[in-house]
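Each of the next two complexes has chain A plus one other chain: chain B in the first, chain C in the second.
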Partner chain A sequence: MSEGTNTVSENPIHASASEGSRKERLALWADEHLAKLLVIPTLVLLFSMTFYPMIRAIEMSMYQYTAGQRIGFVGLDNYVNLFYDSTWRNSLMVTAWYVFLSVTVQFVVGFVIAVLLNRKLKFRGLIQTLILIPMILAPTVIALVWRLLYAPGGLLDFIFYPIVGGNVGWISDSSIALYSLILTEVWQWTPLVVLVMLAGLQSVPDHLKEAAVMDGASRLRIFWDITLPHMKSLIVLILIIRVIDSIRVFDKVYILTRGGPGESTNVVSMEMYRAAFEFTNWGAAASMAISLLLIVLLIAITFVKIAEVKF
Partner chain B sequence: MATKPETDTPVFETPGRFEKLYNEYEGTKWSRVAIYGGLSMYLLWTLFPVYWMVTGSLKTREGLLTFPPQWIPLQMEISNYVVLFTQRPEFWRFILNSMIVTIATTIIATFLGACAAYGFVAFDWPYDLDFHLPFYILSTRFMPPIVVAIPIYVIFRDIALVNTLPGLILLYVMFNVPFVVWMMKGFFDEIPDSLVESAMIDGHTHLGAFFKIVLPLAKPGLFASGIFAMIITWNELLFALIITHSADAATLPVGLSSLITQYTIQWELISVAGTIAMIPVLIFAFIVRDELVRGFSMGVDG
Partner chain C sequence: MAQTKLNDVTKVFTEDDGNEIVAVDEVSIDIDDGEFLVLVGPSGCGKSTTLRMVAGLESISSGEISLDDRVINDIPAKNRDIAMVFQSYALYPHMTVRENMSFGLEESTDMPDDEIDERVEETAEMMGIEELLDRKPGELSGGQQQRVALGRAIVRDPSVFLMDEPLSNLDAKLRAEMRTELQRLQEELDTTTVYVTHDQTEAMTMGDRVAILNDGTLQQVGTPLDCYHRPANLFVAGFVGEPSMNFIDTDLHSEADETILQADLFDYSISDEIATKVSDSSDPVLGIRPEDIGISEDPPSDKHDVAATIDVIEPMGDENIVYLQFDSEDSSREAESIIATIGGMRQFESGQTVTAHIPEDAIHLFHGETGEALHNRRLETAESQAPQL
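Our next item is the complex of A and B:
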């Protein structure tokens, strides 16, 4: 390992270290190994809290558990069972639909709002600050607010009364509950798309647009041929981030529906939570965890490959 | 526009003419109405639920679900705030636990992350490790937390960390360090090497120069990543729910979620607790607005 700075020899402490006190020798030793000393605590922590648990999860997924007690090695049986488990398959479908719909709506709405904001406006700074609020609030708190809004006879029922003429089972009707969850997710995370896309729109170099204006290009043409290509990698990245973040949704589902009614909102995190902590079926839960990890990896790699994004 | 470099100006002799051309349709009255209308609607939609919870904490339980709704609280039931803590005294504990865990996590994660980031920025590592390791560190943020939550529960049970504050802090430090490393790396990159070199000629050790020169210069970065870690920790539910099961270690989000499991939902108390949970993040978030966006988008908005 070669140290970045080569001026150490001129340092009086380093020069006198051989005959120096214990303290000075310690200081010299610390400097010599500084790079490792600075980095190792973090690496050890991350290794023991992410890498090691994953290895444990792989191990757990190969055993059968009853009431939290390991009873025997079953190899890949848990994975095979998972393949035929209709509850798990349903939870994958529910999650896929949740992620697809909420990210699409967030992106479309967020982009439109960003385009609207990308001009000289009196209160732009204020708006940019205020729309931060949903994303900094705890998903738990947000889910509680929305549960109040969705409550029978609550505000949303009042607003929709003239159209529907009665209460809507926002979170109690199995054909509607998932869409109510998606609405909550969209509410919380559209602002992030707005702010990131706005930053992207503002990063398009003016001279490109000026040249296009000189050539007589229309606004739509400029947007399509200059702005969009310039923002391509930013768009892909915000989509990856939102997709990967929405796959992990738990808090909102836990507070709003607990996966119900029936299994209509039983997303993967909820299903794994129940397998592990309600049915203490650790083997099955661990095999779900590993499968989910592989799925997330696959999605991330696909995205990066498609867009040739460089981090 | 004001900072447009000299070389660009020959395109248009009169400053400001370009904006006029490009933003032409802002000139028409109807489009301006549409833009302002659209933005106002979006702002209303974004802020209303927050307003609804805060004002809800001042209504009676019946007042929360009246038909038509009480747009403005009628009787200002400030007593709700007292009722929450007399009916559910454990909420004091939840808030205290949340504060301990949040403060400890923020300090430890920011410190560890800043150290690691500097270790990667200031030194050349063999095999390009100063590129690969930060990338590995960041990639752990892509992993769904539930994936490690299950084995971590088992590991914590074996070493008696379940339902303890240190266990929770350890988990949250792991959760926040990747972001701190990534963010601080950007800040350290901008500090010139010559500052550290001259400090070392003056007789500081490299470690001393890091603490006395580099860290004070990176204060805005430490501040921003600290607040981001604070918000994430204060808000987290999944790990807290799994690792804790009593008021000894349960945090405020766990307390909040326990209010919903009761047979009758005490909406006025939920609104009170929710409002209390909102306050700290709202205060801190606005100080570091731009860095927050970078944090939530994992450094994309660079």
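Our next item is the complex of A and C:
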């Protein structure tokens, strides 16, 4: 009996001890691997939404399609064809000009506004908030608003009537349409440049500027030799973001001009859209996408290399 | 090199809500050519603001600052021929040490490049940083950055150096090293230097003279020892010296043949000579430096002996810091305590009853209301006991 009670009383103790150690082991394991576990959802998302489509796109770019049907493997033919495709080459040129002009203007205007705002101003907070409005509007809304502005007899025509004496084909004149798109792009994204550059200007330590004042530097010199170098990485960052983002411009073009008139605003993403959804030539569209990806990568790497920036 | 004069210099800051804050209030100091003047005081006392006004980084609300009799109030910083060393060093991070040092010469002089190079190399050698010339500040240690910051000021050969707590970012050992080095450099260059610090060790050891500020007003200007032994007021007496001077509130009582300072827990009789000086104040504050208090195990025998109990002893090695409590017959009254320092080899225990000797030669007396010094300790070399402002 005594033995029996012993075993009975021992067992629960033993069981609970092993349960405890199992819990402990679990806790230890979780402790060690928690970080990895927490990263898994992001990795899954990244793979399913980015890497998998990219690999599929590379695969697609090596097949020929007719009427949306895969016909056969053509290797790099789609890429070779792009070289001889004048429409594609034109769209590259249109995009390059669009990106160069809009980013340059955004940057210069944004920087100037940031410098003007970087001082004690009455209502600075209000001005800053107002400036941000274009950035927080939905891109489609922006494009639709500007379509109204550009419409024949619209507000812009009304304003410019005394100067030009007639309607301007803001988005219907092939020599003007691209610049109208650039104007919209500049209007939408200058605020971001202002925001980032203002943060950069405010991050320059006062004592550096004061040291330069004591060293006898003029205001221009301080700006050029102290402030600008201090903001170098931020400048490179904002340029990369804006260049990459405007290379991919689609919404504005689609809503305002559909790439027209003619091919005057036919940017690469518009051309891609046409190839895929109008001509259902998925192979060609995919090869364009991959080419674009390489171009963007090249530009980003060059930027970072030129500026010797470490992020 | 230049004589620098501050005449009733005042700085008023206006806050956003219209409140005016007087940061510096009618400060007047004459700084001699080649002098090392230390501006010292607790944080927020206006010492940095004063320095920044001399530098030209801050406008002057009223008063005048002049360099060699030339009023510089409205002269921009870059034309004042003044170099400044900042607490944070303020080295330009994207420039090499060489570029950092030559920047000022390039901007403020029309010196040819080869001469600038030569000057930079010479100064770098003097500062022992010639090997660092092609590195960027980010690759240097704190001490090295500090040397570069000094070098950058020295290379310009200005008429005045301004230093805003230049050593406070260094560790204790390096700080002590740089302290002596700075003094050596200043003597070598013989350039007028205004040095701001909150560290009284720096103030005592480095300056030819010390200017002590509190709440924007100048408390005293004098040699470090003058400020230590002949403080102009309670603030200076308490600020200079570590551990600081003991203060005991007293009431003045004149009896038939003697004058007595009555503290809460003991009486202290003073001579007629001192009594006439303190007659202005009915409740003078008695001040005594910790090192002037004698402690013995013998029972009180002198009229300046007070019985006390040792509360805590902090052995520092070279000396013991002793916290004394005066014995209270009335247990309801809070015991008054004072600090004494005695030789490190002497042995006492906490709780021990001892006799504290407060020599009359060493006492200071301050006005009970204004805090002004009425009587300072007797110095063997001092001709006059009167405090000099």
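Methods note: the second predicted complex is superposed on the first by the 277 of 311 C-alpha atoms of A that agree within 3 Å, B and C clash if a C-alpha of one lies under 4 Å from a C-alpha of the other, contacts with A are read in each partner's own complex, and residues count from 1 in each chain.
Here is the rule we go by: a contact is a pair of C-beta atoms (placed from the backbone, for glycine too) under 8 Å apart; a residue touches a chain by one contact, two chains touch by 3 or more.
Because the structure is a prediction, the values reported are computed rather than measured.
In the superposed pair of complexes, A:D215 makes contact with chain C only, with no contact to chain B.
In the superposition on chain A, contact of A:H207 is made with both chain B and chain C. Residue by residue along chain A, chain B and chain C are tallied for touches, and B comes out ahead.
Contacts of A:P162 after superposition on the shared chain: neither chain B nor chain C is touched. Residue contacts after overlaying the shared chain place A:K232 against chain C, while chain B stays out of touching range. Common to the chain B and chain C interfaces on chain A are residues 207, 210-211, 213-214.
In the complex of the two chains, the chain C residues touching chain A come out as 55-57, 77-79, 82-84, 86-88, 90-94, 103-104, 107-108, 152, 156. Touching chain A in their complex are the following residues of chain B: 1, 4, 8, 11-12, 18-19, 21-26, 35, 38-39, 42-43, 45-47, 49-50, 52-53, 56, 64-65, 67-69, 112-113, 115-116, 118-120, 122-126, 133, 135, 137-138, 140, 142-148, 150-155, 170-171, 173-174, 177-178, 181, 193, 196-197, 200-201, 203-208, 210, 231, 234-238, 241-242, 253, 256-257, 259-260, 265, 267, 270-271, 274, 277-278, 281-282, 285-286, 289, 292-293, 296-298, 300-301. By the touch rule above, chain A contacts chain C in their complex via residues 205, 207-208, 210-218, 221, 225-226, 229-230, 232. Residues of chain A touching chain B in their complex: 1-5, 7-8, 10-13, 27-28, 30-31, 34-39, 41-43, 45-46, 49-50, 52-54, 56-57, 60, 109, 112-113, 116-117, 119-121, 127-142, 144-149, 151, 153-155, 157-158, 187, 190-192, 195-196, 199, 206-207, 209-211, 213-214, 219, 222, 234, 237-238, 241, 244, 247-248, 250-251, 254-255, 268-269, 272-273, 276-277, 282, 285-286, 289-290, 292-293, 296, 300, 311.
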